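Below: a set of structures, written as structure tokens.
Okay, so subunit A shows up in both of these, paired with subunit B first and subunit C after.
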Partner chain A sequence: MLARRIAYRSAMFVVAITSVVVLWELYKILGPQDGGKFFGVSILPRANDTAMPHFSTMLSRYGRPEVRGSDKKIWVVVLSGAMFSLRLSLVGFFLGTTIGVGLAVLMSRYRIVQRGLLPYLVMSQTVPLIALAPLVVSWGGKLEIGSFIWPRWLSASILGTFLAFFPIAVGTLRGLASAPAAAVELMDSYAASWKQTLFKLRFPAAVPFMVPAFKLGASGAVVGVVVAEISTGLKGGIGRLIIEYAREATGDPAKVFTAVFGAAALGITMSGLVALSDVLLMRNRPKETTT
Partner chain B sequence: MKKTLKFAFAGIAVMSLVVGACGGSDDAATDEGAVTEETTAPAECTTPTPVKLQLQWFTQAQFAGYYAAQDQGFYADQCLEVTIMEGAVDITPQNVLADGQADFAISWVSKALASREGGANIVNIAQIFQRSGTLQVSFKDSNIATSADFKGKKIGNWGYGNEFEIFAALTKAGLDPAKDVTLVQQQFDMAGLLSGDIDAAEAMTYNEYAQVLEAINPATGALYTADDFNVVSYEAEGVGMLQDAIWADGSRLEDPAYVETATKFVAASIQGWAFCRDDIQACRDIVVAKGSKLGASHQLWQMNEVNQLIWPATGGAGMIDAAAWDRTSSLSQTAKNLEGGTVLTKAPDAGAYTNDIVTAALAMLDVMGVDTKGSAYMSEVVELAEGGN
Partner chain C sequence: MSALEVAGASKIFNQGTTKQVDALIDVNLTVNPGEFVSLIGPSGCGKSTLLRLIANLLEPTSGSVSVNNKTAAQARLDQDYGMAFQQAGLFDWRTVSKNIELPLELKGWDKAKREARAKEMLELVKLPEFADLYPWQLSGGMQQRIAIARALAAHPPLLLMDEPFGALDEMTREYMQGELLRICGETSTTVVFVTHSIPEAVYLSNRVVVMSPRPGRITEVIDVDLGSKRNEDTRAADGFFKSITAVREALRGTHADHAAANAIRGVEDR
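Up next is the complex of A and B:
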């Protein structure tokens, strides 16, 4: 059963990827070479090789060296960049989870906290990341907490945290409140403490809400890290590669796509990790499929 | 009551200890300065002075002189331990310097002067690039040979303070930026020009101009050549504004130790630039080794073009030419942008630049036998490969 489901899902994944490739190539054949204009405003993107390189060109770019005279193939560079960003994203996601779940528990415990804090959480997400990035990055090497000196990469992780904690906090809060009233009353009748109710009832009930929230948070962490890398030029990650390769888009348009795909793969990996933990968490859950 | 008094006494005691400690370290610092001043002989170097340099952008040949000075040990010879910090999209070097996170910063003069007018106490201590490297590049058939031909055309510009020369040229040609031209926000690549979205694109001689020459011309299947383009050079148009210069923290220039560090830093940097003038291949390799992602031929082109902005330096490299300075500052006050505003509202004060440090640095280099004028400098011919690789 499980094997079949996995096979089906993988097949669907391949189909989804292939259809994007087919659409891309189809547009290249049918779309206007120099873009479509309606009343002088360009609406349809250009289909020429500079704006939209062939998918095969992008793929073959992976096999060629990053720059001439270097023996490093571009896939090696992109992969190591993605690994670097993955580590930062994981740190950001971990911090985001800690903060998000912590806030959710606090808010579900005290309604007044929820009333007072939630508007600020919503507001925090309206601050543009690029406005925040230089500020947070300036902590790098400057901030010292005891013997701990704030490294530059941590700033990028913090921006990942910033995007990750919000969906996690909101999703978990909703999940904690989703325990059926009858079950809560039952716990109350057992004179269960708040802590017992939280861990034995509310958290298990929250899992179906938390998993999608964590997936959002995981991809949010990646976006935050990549944007921070672009904005502050942190070396070693996929964001830095994107901006460096984008500068060469005039002469080597396929190059930047190699890094963009790397970032996309990173996002998928992160949500994949969450999905995997979901499978593990839900493994022993009683299947209440009687309804 | 008694307890409160006790605390108050304790507080005062601690405060005086702190003050005492601070005073002590101050004394130590000045003592140290005095000691190093006595032993300027470069051989004696036990603890090198840490120096942080903030660049304007990622590692590339535009900053080769500093990397060469680091790589060739010119900074170490001056007993400096230099950390070079790369720039990025959202990093403004003059602000990093003014915030005290760097000891020196590389910035264009007009941008830095705008920051200075905004209250940042930063001082130009060496004008590395003596000439402007900004171009406006267009296809031959657009017939844009001078800035007067901009009329009615789509003119690309980068914004972020990189567009002032365009406005200066427009103002000089008697054109109104708001009515006579269509200003187009340009990406940091040249795709806009090649696709026809822009008639004339802003380009640096050492970077974006090379990018179009590295692109394939779909009509011929070969690379574009210089014959395909018209190039308006703002330097030649008489509206060139001074670009890469070394800026120092004005508030620290009263400290003799900082001045001494600055002098050594400028001297070693110019030595690095002289090294790059004489061996562009070696400097290209240094920059590539520092992790530049730009291709090798592109980087060599950049090195060669950057050299032409520095050499020959008639007054000695790094000297701030009063005429060029005045032109930059007056253009900054007169060139009107779209909103009718100017970069500067008033003339920069006399303290905005000093030639004292670079003069001392050049004297040091003369003793060492480094050619700081490069009067015999000849640029080389660099062939670009596809994609700059």
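Up next is the complex of A and C:
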């Protein structure tokens, strides 16, 4: 049952990727080389090799050196960049989960905290990440607690946290509140403590809400880290590679795509980790509540 | 010694506001150990409110409730009663056995003792082979039997039930009534049972408490004399029909005066 579901999902994944490749190549054959213009406004993208390199060119680019004369193949560079960003994203996701779940518990415990805090949480998400990035870097730089010195990469993780915690807090809060009134009354009739009700009723009842929230949080952490790498100029990650390679787009158009795919693979890895937890946590639940 | 004593209890919601509801006024009720008492009445008569006062899920506005000669609050802390609702309310993420163990876990019993008791309870409700299944894999009637097993797991002397068979089909319902009488007989549990069904109240009870709405109060208490051994033949006995008629007439008296007001204001009936 489980194996079949995994096999089916993997098959669908391959089909989805293949159809994107086919569409890309089809457009390259059919689309206008210099773009389609209607009344002077370009609407259709250019289909030439500079704007849309062949998929095979992108793949073969992985096998060639990053820069001319270097012995480092580009797949090694992209892979290590993706791994670097993955570590940062995991830290951001972990912190985001801790903060998000913590806030949700606090908000579900004290109605007044929920009423006071929730509007600020919603507002926090309207602040552009780009504006926040330099602030976090400069605050972090000033921070010194004993022997702890703020490493530069931590700023990028914090921005990942910033995007990750919000969906997790909101999803968990909804989940904690989803325990049926009759079940809460039952726990009351057993004179269960708040903590007992939280761990034996509210958290288990919240799982179907928390898993999709974690998925959003995981991809949020990746976006936050990649954007933070770009806007703070942090070296070593996939975000920095995208910016660097994009500058060479005219001379080496396939190069930037190698980094873009690296970033996509990073996002898929993160949500894959969460999906795995979904399968494990929901295996004994009724079918209707699995999403 | 009485199993349960309600003395002059009133419950008024939203007191002193325009939304004031007199859910219960001056209710007196004494239940003896081993007795089966049903609360019956039209919607809004406060029967569920009375059950919740006994369970200490609500505090009375005035008057007192004592269970086992303790205050209702102390009885709740000591888990002197078990409770079952219309929805079985089993936890989806726990196996049948773990659901029954829930009240014991909360009481801090160790694992071996919990498992032994869960096994014993499953045998009592005649579902021993379902221990490791999940509630959603069972039928509604089976789920309700598990809920009863959970309510009785800690061997409380008192069982409070709020329309537990209300969501079941008629055949399952009659079967469950027989099972409930057998289980309570074997465990000598005192029961307070809220229902909408006259035959159900009569079949199960030693006494039927008839209530009327607006304000919620007890209007009549009818003794049911069908003996202690009841079976399917009881449902065809003369005494059964006589008692049904008695309860029905008592209810009609309460209903006529208040039916109109009821239809207009319709207080939530849980």
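What we mean here is this: the second predicted complex is superposed on the first by the 278 of 291 C-alpha atoms of A that agree within 3 Å, B and C clash if a C-alpha of one lies under 4 Å from a C-alpha of the other, contacts with A are read in each partner's own complex, and residues count from 1 in each chain.
We take it that contacts are C-beta pairs under 8 Å (C-beta built on N, C-alpha and C of every residue); 3 or more make two chains touch, one makes a residue touch a chain.
Owing to the predicted nature of the structure, the values given are computational and were not obtained by experimental measurement.
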Touching partner for A:I130 - first (subunit B), second (subunit C), both, neither: first
More subunit A residues in contact [subunit B versus subunit C]: B
Partner chain(s) touched by A:E185 [first = subunit B, second = subunit C, both, neither]: second
First, second, both or neither for A:S231, with subunit B first and subunit C second: first
First, second, both or neither for A:K73, with subunit B first and subunit C second: neither
Overlap of subunit C and subunit B interfaces on subunit A (superposed complexes): none
Subunit A partner contacts - residues on subunit B that touch it in the complex: 58, 86-91, 96, 99, 101, 188-191, 194-196, 208, 211-212, 214-216, 218, 288, 291, 293-297, 385-389
For the subunit A and subunit B complex, residues of the former touching the latter: 34-35, 46, 48-51, 65-69, 130, 133-134, 137-138, 141-142, 230-235, 241, 243-253, 255
Subunit A-touching residues of subunit C, taken from the complex the two chains share: 55, 57, 76-77, 79, 81, 83, 85, 87, 89, 91-94, 102-103, 105-107, 134, 136
Subunit A - residues contacting subunit C, complex: 180, 182-183, 185-192, 196, 200-201, 204, 207, 284-286, 289
